[in-house]
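Here the chain labels run A, B, C and D in written order, and each chain numbers its own residues starting at 1.
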Amino acid sequence: MNISTSMIVLTAVMGLFGIGLYCLLITRNLIRVLVGLQIMVKGAMLVLVFVGQSQGQPSLGQSMALTVIVADTIVAVVGLALAVQVKRSIGTLDIADISKLKR
Amino acid sequence: MDVNTAFSWLLIFPMISSAVIYLVGRTFSRSVKIENRTNPARWLALLALLVTGVFLYFVIKNVFSTGQTHYQNFGEVWFRFDGISLLLSLLVLVLGILVTIYSFTYVGKEPGEEKFYALLVIMIGAINGLGCALDLFNLWVWFEVMTISSIVLVAFYKDQAASLEAGVKYLIQSATGSVMVVLGIALIFLETGTLNIETLRMSISSPTPFLIIGGALMVIGFGVKIAMVPLHTWLPDAHSQAPSGISAMLSGVVIEVGLIALLRALGGIALSGGRWGYLLIGFGVLNMIVGNLLALRQKEVKRMLAYSSLSHVGYMLLGFGVLISLNGLMAGVGAIFHLITHGLMKSLAFLAAGVFLYNFHISKGSHKPLILDDLNGASRKYPFTAFAFSIALLSLGGLPPLAGFMSKWQLLAGVAQTQNTIMIVLVVFAGLMSVLSLGYYAPLVNRMYRKEPAAIVMEGEPVSIWMYIPMVILTLAVVVLGFVPSILYWLTGPAGYSLFIFFGQ
Amino acid sequence: MLHFIILVGILFCAYQAVRDKRLLVSAIWLAGTSALVAIMMYLIGAYQIAVIELSVGAGLVTVLFVFAINIAGDEPIPNLSFIPKWLARIFTVVAIVLIGWQLLPLLDFPIILNQDAGFQQLVWENRKADLYLQVVMIFAGVISMLRLLTDEYQIRNLRKEIQE
Amino acid sequence: MLQIEPLVIITILVPWIGALVVWLIGDRHEKIQHVCAVVFSTTAAISSIAMLWVYRSGTVLSFSMGSSYGNFSFVTDGLGLFLATVATVIGALTIIFSVDYMRGSAQLGRYYSFVLFFIGAMVGLVLTSNLLLMFIFWEITALCSYALISFYNDDPKAVSGGIKALIITQVGGLGLLLAAALMYAYTGSFDINIFISNPSLFPSNILGVMAFGMLIAAAAKSAQFPFQTWLPDAMEAPSPISALIHAATMVNAGVYLLARFYPAFKDVPGWTLSVMIVGMLSALMAALMALVANDLKRVLAYSTVSQLGYMVYAVGAGGILASQFHLFSHSVFKALLFLAAGAVIHSVGTRDMREMGGLGKELPFARTVFIIGSLALAGIPILNGFWSKELILEAGLEHGNPIWIYVVMLIVAGLTALYTIRCVWMVFYGEKKQGQHIHPIGRNMKIALTPLAIGALTTWILIGPFSKMMSLSLPVHFIQEIDLGQLFNHVVFAPATWIALAVIALGIMTWFGKPALSGIQEILKPIAGIAQESFGFERINKFIVDATQGMGENLRTTQTGKLNWNVFYILVALVVVFAVLMIGA
């Protein structure tokens, strides 16, 4: 346990955050957008665990991470359900085709 | 009733009753053979909200009789029932009850209405809890509950492409925002080692990069929900596609809830400098101008109303920003008053627009949007609805003697009171924006009073009594508040003050 | 060193999840990311949550994704994004750099392993408000999913036909 | 024994209650609506006349509204009381006139409700001594004016005219809002009277901002330069509305505001001069525009702007009494002119003067009253317009006022005479146009027109009590009391009067001698062309509207509706906020 560990963990957090965000920016497939979101969430979990550890309250950090896991799994479930419904009623997952609401 | 018990039930009861609503409604809709019986879920939902109101009453009674803020903990997680909580709970319950009544007709023909009510009650319960959460992380959890419960409410017409699209955008953007909030919370926790906002406040003395980046992440994260420009892009879609009752809730409460949550969170790091207020003011200015300009050329009624919410959020941001950075207590009180009046008048506007939408399109099975031309001469067939809609629009435009003017005035007077040159310029700017907004409200009002009604108006269905009740109440509220704004001082004063001591240096 | 390898693994998996053309493979890469994150958690001492992440994040979520992809089906969507890729890259990198620039110099946080209240006690007692809300969230999520996936119109029509 | 307090409440609330009652009656009972409107407005008129007998200075009524709104208090001083009387009396007369004019119109309830609502608000506006409450009433009058201009909602011109009026007066209203906000910020109160007796409480730059803010508000409300463009477009309203709101009452609110605050602002550098210049420019430009307009109501509208310019000029020149006295005369004769014009338009069915002509024989009553009004407008002796206009010109000559402005105002007097005679000639004399079907004028119209015509001939006799009330109740305005004899002395024996009369005569002669002056006409043609296009102000307005709408339209393209872009905006906001905070930190 030294400085470099915390640096590595935070790099991982920022990397996950950045890759997830990048995925949201360039992906046109709705399900893959949800994948991007999940990647971002992994970063959030990791950082919560990390801050818990480094503040000397590991259980608190873990319990927060647990809540985040649950919350974002629910979001993923609802999102996937939405995506399935989109596929059913619109017939595609391409964001280009679900961009009718504009202006 | 003991205040601790009442408070616990205030938080727990909506969630339990939501399960009951769902189960009873589901059993009913599975078992009953006769199609036309009404689902008991709607009555249960109304009952649940009323009972929650009773619990709220006991809490309020205690707070006012002891004159102290009520603190309560569940484990290590603390809750604080102060002026802001009082205001938020009351607003959301009142609007929630009205919207429930309104939805009796609006979603009455829709299969699966028990899910609608169950989710609506969860959302209201979550807002109740969010108003009093004193734990930074717990605040986020309440916020997330609210978001999750509102996603399907937005995408309630699940066979409509537009509605699903709105739901998708709402979900993805809210989730992105909430991840940022989590990151922000983590960074703040990393710096201070505590989550309790009050303890947090004490432990901060100087701005450190962690606090600043954490705060910025929270501003952006909650900002998505508040619809700060340019994070607003989900709002017009979601607000226009949701069932009108939900649009009223979203516009009238949910975006303001985001604002309250942000203020709570920023309150924790208030001592890291006055920059947060200026940031909010900046977003406020952007919101006012972009919201109004986007609404100006809008052809769909509900989208126009959604865009106008942007500009109204701008006013609130301005007021709260002045409260935070320039110690303008009165601006904060004004912003809170505007929060209330905006909740009332925007709900009224959405409900009235919903009456037109429902009777012109939805009751006939069509899901076309309500466009401006549909409203031509609507007063011929729907005199009261047109009147209520006009009242709401003129009040939103800030014309006296309606509630919207009074709250805008109080806010702007508070901003001017800082005697700061830039702020005085902003007062003029905000006034100018108010005038600009008349550029789209006024033609809409004119349209409804044309002599020659549009064909679609004459073919419209009659309005049901369940839709009239909430509109009458809200119209009365908007007019009465315009004449006697002082009747809400007991609500706005404590709320503003509890914010003020939160941010006071 | 182990940490570093896992860091690289996480980032690689995550990037592959974004980049791969097939959705199903993408979901597998996501599972990989999740598993590696769990290992990372384990390495910094968060044992309980690592297990949960492994089972929920890498397990349940992947199953859900695979399930959804099976129903919705993979479809060839042109790999062209609306936003020019360079623009997306620049802004993402700038955001990360801005955060990192401020944070990294301060990263001398030791990882302390002194034991506070046990995990179980913390979750079930101290943070029971969060736990309660997790239940609410699950409930809300289930209702939402039911609303989206059951075809109530069809059921109603079917029932009508049966009655007639 | 009459008390002032109940009378104030009655005068404001009776019309409002009437508005509610008429609206509730519904459009199915037209007769009852007419009767109710007349009864309620007449009650208010009687009550306001009664106030003239029992008035007393100082605050008479006060309601506490809590910290941010101050006390809603009412003061009955001369300035407010007589304007309240004008509003209610002319309001009652126009409503009587409307019984004939609006008979059989659709949505009558809306019409009467807004007129009554307006009357109450106007009374409130002039009687209150709380600046915020004044602003509220100010906006209510604007709201009513907008609703009534666009009363014929199916006509796009009426709708756009209404919205234009609303927006422009609201922009002006910002000046008042700013002044009120500053007053509150620096004193914590909204009491006008405290403010005007101690303006030195304010830092001088703040006082300057307030002064010019009020000037903007007044100019917008009174359709003065550079906001004059809304008033001609407001003529899409039914004629009684033009008479009541856009000639006799609401547009006077700006002049009233300036007069009310004159003592506080007169020492602000450049303020009085600006006021005079605003008045002069409005008077001159509007007179030129009136000279070339062909729409009967527009001519009257331009002349209203021009006459309001006189009043504004008078305030700037320090002649508060003169400006208020002219306001009084103008309300009477301009209401008379508009109502008579309304009667003519109602009979003929067109507003274009080129399609009129020779109507004098068919409509002798209308001709008589219209000519009385016109002569008053032109400033012909004995009629009320003569006395008040001469008083204004008199005030313009007082020490320290620039003489060149005075000269311009003299020229405007001549122009006024010229366009008035042109208007009368085109409508009532000259050749009769073919194929016109002329309705007779209704009885109620005559009932409403007669007192106004008598008023135009006689109101100047009231100068004694009028000035006495003003001077007694407005201590800080330093108004001198003058009686009829002094008025005579002031006016008849002043050389200025004779010069003015000569100019007026010259103006009239120009009309009759126009064939001989065709050369001059050629020279003036370009000016006429510019005047017809409102000196480019319409274009500026249009430009602003188009630019705003274009901006809105362009901004809409940023709402791409594509999820990726939406997320991108979030990212951009994040980066910008980081950058801002780091620079700030």
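What we mean here is this: a contact is a pair of C-beta atoms (placed from the backbone, for glycine too) under 8 Å apart; a residue touches a chain by one contact, two chains touch by 3 or more.
None of these values were measured; they are calculated from a predicted model.
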Between C-D and A-B, flag the pair that has more C-beta pairs in contact. A-B
Roughly how far is subunit C from subunit D, going centre to centre by Cα mean, in whole Å? 67
With chain centres defined as C-alpha means, what is the inter-centre distance between subunit B and subunit C in Å? 29
Averaged-CA centre spacing for the pair subunit D and subunit B, given as whole angstrom: 41
Multi-partner residues of subunit A (at least 2 other chains): 17, 20-21, 24-28, 33-34, 50, 54-57, 60, 64, 67, 71, 74-75, 78, 82-83, 85, 95-96, 98-101, 103
Which subunit B residues reach two or more other chains? 137, 141, 144, 148, 151-152, 155, 158-159, 168-169, 172, 176, 187, 190, 209, 212-213, 236-237, 298
Counting only residues that touch at least 2 other chains, which ones in subunit D make the list? 556, 559-565, 567-568, 571-572, 574, 578, 582
Classify the inter-chain contact topology: is it line, ring, star, complete, or other? complete
Which of the residues in subunit B come into contact with subunit A in the complex? 137, 141, 144, 147-148, 151-152, 155, 158-162, 164-169, 171-172, 175-176, 178-179, 182-183, 186-187, 189-190, 193, 195, 236-237, 240-241, 298
Could you please specify the touching residues of subunit A with respect to subunit B in the complex? 13, 17, 20-21, 24, 30, 33-34, 37, 40-41, 43-44, 47-48, 50-51, 54-57, 60, 64, 67-68, 71-72, 74-75, 78-79, 82-83, 85-86, 89-90, 98-101, 103
In their complex, what parts of subunit C are in touch with subunit D? 81-83, 87-88, 91-92, 94-95, 98-99, 102
Tell me, which parts of subunit B touch subunit C in their complex? 12, 15, 18-19, 22, 33, 35, 74-77, 111-112, 115, 118-119, 122, 125-126, 129, 135, 137-138, 141-142, 144-145, 148-149, 151-152, 155-156, 158-159, 187, 190, 208-210, 212-213
Which residues of subunit C touch subunit A in their complex? 3-4, 6-7, 10-11, 14-15, 17-18, 23, 26-27, 30, 33-34, 37, 40-41, 43-46, 48-49, 52-53, 56-57, 60-61, 64-65, 67-69, 71-73, 75, 77-78, 80-83, 85, 88-89, 91-93, 95-96, 99-100, 103-104, 107-119, 121-123, 126-127, 130-131, 133-134, 137-138, 140-141, 144-145, 148-149
